[in-house]
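In the part that follows, the structures are each spelled out as structure tokens.
In what comes next, chain A is part of two complexes: it sits with chain B in the first one and with chain C in the second one.
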Partner chain A sequence: MSSYTITIGTIIVIQAIAVCGLNVIVGYAGQISLGHAAFFGIGAYTAAMLSTKAGLSFWTALPLVIAIGGFIGFLLGLPSIRVREDFLAITTIGINFIVEAVFRYVPFFGGALGIGGIPRIVFFGERLKGMTFLLLCLVFLFLVLLVCWWLTRCWASLACYAVRDEESAASTMGISHVRFKLLAFVIGTSMAALAGSLYAHYMQFINAGDFSFPVSVGFLSMLVLGGMGTIWGPVIGTLILGVLPEIFRPLVDYRILFYTLLLLLMIRFQPGGLLGEESAMRRVLAPILRRGKA
Partner chain B sequence: MRLFIEQLLNGIAMGSIYALITLGLALVYGVMRILHVAHAAVFTVGAYVGLFIFQATGSLALAFVGSMVACAILGVVIERFVYFPLMKYPPFVPLIGSIAVMLSIEEVCRLVAGPYILTFPAKLPFPDIYAGGIQISSTLLAVYSITAIVLFFLWYITTRTELGLAMRAASQDISISGAMGINSHLIVSITFVLGSAIAAIAGILVGIYYNQVYPTMGAVPAYKSLALIVVGGLGSVSGAVIASMLLGVAETLLIGYANIPLPRDALAFIAMIGVLMWRSEGLLGSSR
Partner chain C sequence: MLLEVKDIHVAYGDIEAVCGVSFSLEKDELVSIIGANGAGKTSILNSIMGIFPPRKGSIIFKGRDITAMPAHQRARIGIRIVPERSRLFPRLTVYENLLTGVYGLRKKIPVDKRISWLYGMFPILKERRGQLANTLSGGEQQQLSIARALISDPELLLVDEVSMGLMPKLVEQVFGILKQLNEEHGLTILLVEQNAFASLNISTRGYVLETGTCALSGSAAELMDNPRVQEVYLGH
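So, the complex of A and B:
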């Protein structure tokens, strides 16, 4: 593989991890989040600060990054219990703007210059770059997908689905919607923080602009395209939206228009995404899958 | 003191412009319960269409009328083709659709008119006023008077006409009002026509006030006006106007006097989170 393909692949895998996290919040718990890039950024900045200022290695910093990401997700998830869906959407947009502004204007976080000189990840004495780094990201994506798969199987997810579909009915059955909304927020934001940490160590230089609101819209487009609430949806959505612009390189000027029109058409005609319930692809594949089982 | 009054006058002008943009959003939220983020894109289109008509004909009146008509049509198209079919899904589905519409329109503006900042060299037919050493420029006066006219017009329509009665009924409960013989879909469309035409006025005013028209001019108002309708109370038009005025004045005065590390654009969201924690139904909202 050429280094060009590896670079594209690495970015796609890192984004897929973040989108999986968004899927836990939006797809599983039904809580709209339009500020996911903020959590991605919090992960990246935490990792960058810990490695450049505190001198920790990626591996010792990782549990801290995930814990801090999860904790901030918990704090920012608190409004979600208090406010209705519409408010939550606006609140998360606001969080994205405020977090970006803090990174950009507080000198402690490098200000407008961002943070540079983030070291590469060292694994058994070897500095990971190129192919080996891609492999590491793939391992993390695999772990994240395992957690997602486990979430759809375990009791907590059934509770989550119940909360998503009918909150009041779920609470009559003794399911605390507070606990599961918060749980979804914590898991989703820690995944975003993990992705952010990988991103920081891969780019070696980060800047507040990398985590602005359009990035959140990008994550959401990937999720909507792939299918909210499915396991493979985030991966497929990220893959398609990551690869297509590279294929259509000559049309680079129309890229954002293409992204947004695709998002518009998907949400208008297939709100469930490519792999969601009642989607066209699922309808085509269902008879084949059923025959396979029988 | 003179500086303070001039800052205050500028703040009120900012607030008036915010109010003109936020009005449409509050109206639409009232009848449809949809966060119409794409409203800011309508505002951008309004500025561009106004500028192009002005450049072609040289008549500002024609620019206002043409841009209002174009935006009204655009608003109804968005409503018919995007929002109406998505009404049956949970609220975040039309919201995502709205963001997609907004970004696509922004991109179309960029591709058609180019990514540059265009100037809007129009002179509004208002006099400069000097009173006690304080100057009120013609642009400020135009912003004040046009906002006042629009607000009066809107107040008259919603409280003194049958159409307004139907609109208020639809915003209380759209299905019951339908059962009472009100053509609720028509009411929704009329709401979009009104809101979008006002956005066109706001677009041209902003274009002249800053002498700038560019593709992403709607981005900051888009999110700020979302925060404003929350602060004002979702669906409350008067609340939205009051919140806009307060924000305009607060922003201008804070920039002038306090040295805060955050950019002024974050202020709206900080106010919003404060309001959500303290009085979650907003300044004038009812707790439904």
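So, the complex of A and C:
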């Protein structure tokens, strides 16, 4: 594989991890979030600070990064629980702008220059780059998908689905919507923080602009394209939107326009996404899958 | 006294839907509140369940003031509702919908035993157990909604217009099951209905609700004999 392909692949896998996290919040718990890049950024900055200023390795810092990401997700999730859907969209956009501004203007976080000199991840004495780093990211993506799969199987998901579809009916079943929305927020933002940490150690240099609002729109487009609430949707969506601009170079300049248009078109014509329950793709694939099983 | 509702007022903005209604239920009773469309029946049940709090008044369950308690906690202490139009979780299967009923409980429920008991009472649910709830017919949805509320072994069951949109034969069947639950299993039921005849028929007592106030009350037999009830609600 050429190093170009590996670079694109690594970025796609890292983004897919973040989009899986967004899927837990949006797809499983039905909470709109337009500020997911903020949590991606919080993970990246935490990892960057811990490795450059505190001298921790990626591995020792990782539990902290995930915990901090989840905790901040919890704090920011609290007000989000209280507001209506349309306000939630605006609140999360606001969170994204605030977090980006803090990174950009607070000197402690490197200010406009960002943070550089982030060390590579060392695994059994080997500094991971290229193919080995991609493999590490794939392992993490696999683990994240396992967590998502487990979430769709366990009790909590039943409650989450119930809350998403019929909030007041769920409360009359003894299900506290606050608890499950918060749980989804915490799990979703922790995944974003994990992705952010990988991103920081991969790029070795990060900057507030990497976590701006358009990045959040990109994440949401990937999720909506692939299919909210499905297991593989985030991966498929990220793959398609990650590869397309590479094939059609002119798209790069119009990325945001393209993402936004795609988002609108998908929501209008195929709200379940490519892998959704009643999607065109499912209908095409269904006979093949059935034959495969038989 | 299992449930006491004291002078509750429910309002939506400026619209007063319930203006000072009081009533009570003893343990093991089956009581109906009958009233026309818009009389405030759903508003009363929703405030007992905690879905929409009353503006004034208090609700006492087993001697404890629960007026300020959130709905999910009321569900845990033994109050369950069969809401108007079922309100199932459309993208969960019949079986999963049943399971949501035990989710929040602190006490241990022998789930499998409970489910087979419910399947015995509602055989159609057993047949359809793997089907998504939004693919059920109206009658099947109502049965699932009742079963979902019953799985938690509640002490008080609130039933909101379960007869709505059902064929007469199904109404009879569903009301038969409610009566059986009350008589054989000692379940306390508060039934809210437009269908006065069917509900008074299985009730011990009843209240007549008119535009947010309690117009009449008495034993089911008294109400059925009341000329006003006969004229307005029984169509004699």
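The rule is simple: the second predicted complex is superposed on the first by the 275 of 294 C-alpha atoms of A that agree within 3 Å, B and C clash if a C-alpha of one lies under 4 Å from a C-alpha of the other, contacts with A are read in each partner's own complex, and residues count from 1 in each chain.
One rule holds in what follows: contacts are C-beta pairs under 8 Å (C-beta built on N, C-alpha and C of every residue); 3 or more make two chains touch, one makes a residue touch a chain.
It should be emphasised that the depicted structure is a prediction, and the values quoted were computed from it without experimental measurement.
With chain A as the common reference for superposition, the partners chain B and chain C occupy compatible, non-clashing space. The superposition places the C-alpha centres of chain B and chain C at an angle of 80 degrees about the C-alpha centre of chain A, rounded in steps of 10.
Legend: residue contacts after superposition of the two complexes on their common chain; A:Thr260 is shown touching chain B, with no touch to chain C. Of the two partner chains placed by the overlay, neither chain B nor chain C lies in contact with A:Leu251. In the superposition on chain A, A:Leu143 makes contact with neither chain B nor chain C. Put simply, more of the residues of chain A are touched by B, taking chain B and chain C as the two choices. Looking at the shared chain after the overlay, A:Met131 reaches neither chain B nor chain C. By the touch criterion defined above, A:Ile93 lies against chain B but remains apart from chain C after alignment on the C-alpha atoms of chain A. After superposing the two complexes on chain A, the shortest C-alpha to C-alpha distance between chain B and chain C comes to 7 Å. Annotation: chain A has no residue touching chain B in one complex and chain C in the other. Residues 49-51, 70-76, 80-81, 83, 87-92, 96, 99-101, 103-105, 148, 152 of chain C touch chain A in their complex. Partner chain B is touched in their complex by these residues of chain A: 26, 30, 32, 34, 79, 82-83, 85-87, 89-91, 93-95, 97-98, 101-102, 104-106, 213-214, 217, 220-221, 224, 253-254, 256-257, 259-261, 263-264, 267-268, 271.
Against chain A, the residues of chain B that register as touching in their complex are 29, 33, 35, 81-82, 85-86, 89-93, 95-97, 99-101, 103-104, 107-108, 111, 223, 226-227, 230, 234, 261-263, 265-266, 268-270, 272-273, 276-277, 280.
For chain A in complex with chain C, the touching residues are 155, 158-159, 161-162, 165-166, 168-177, 277.
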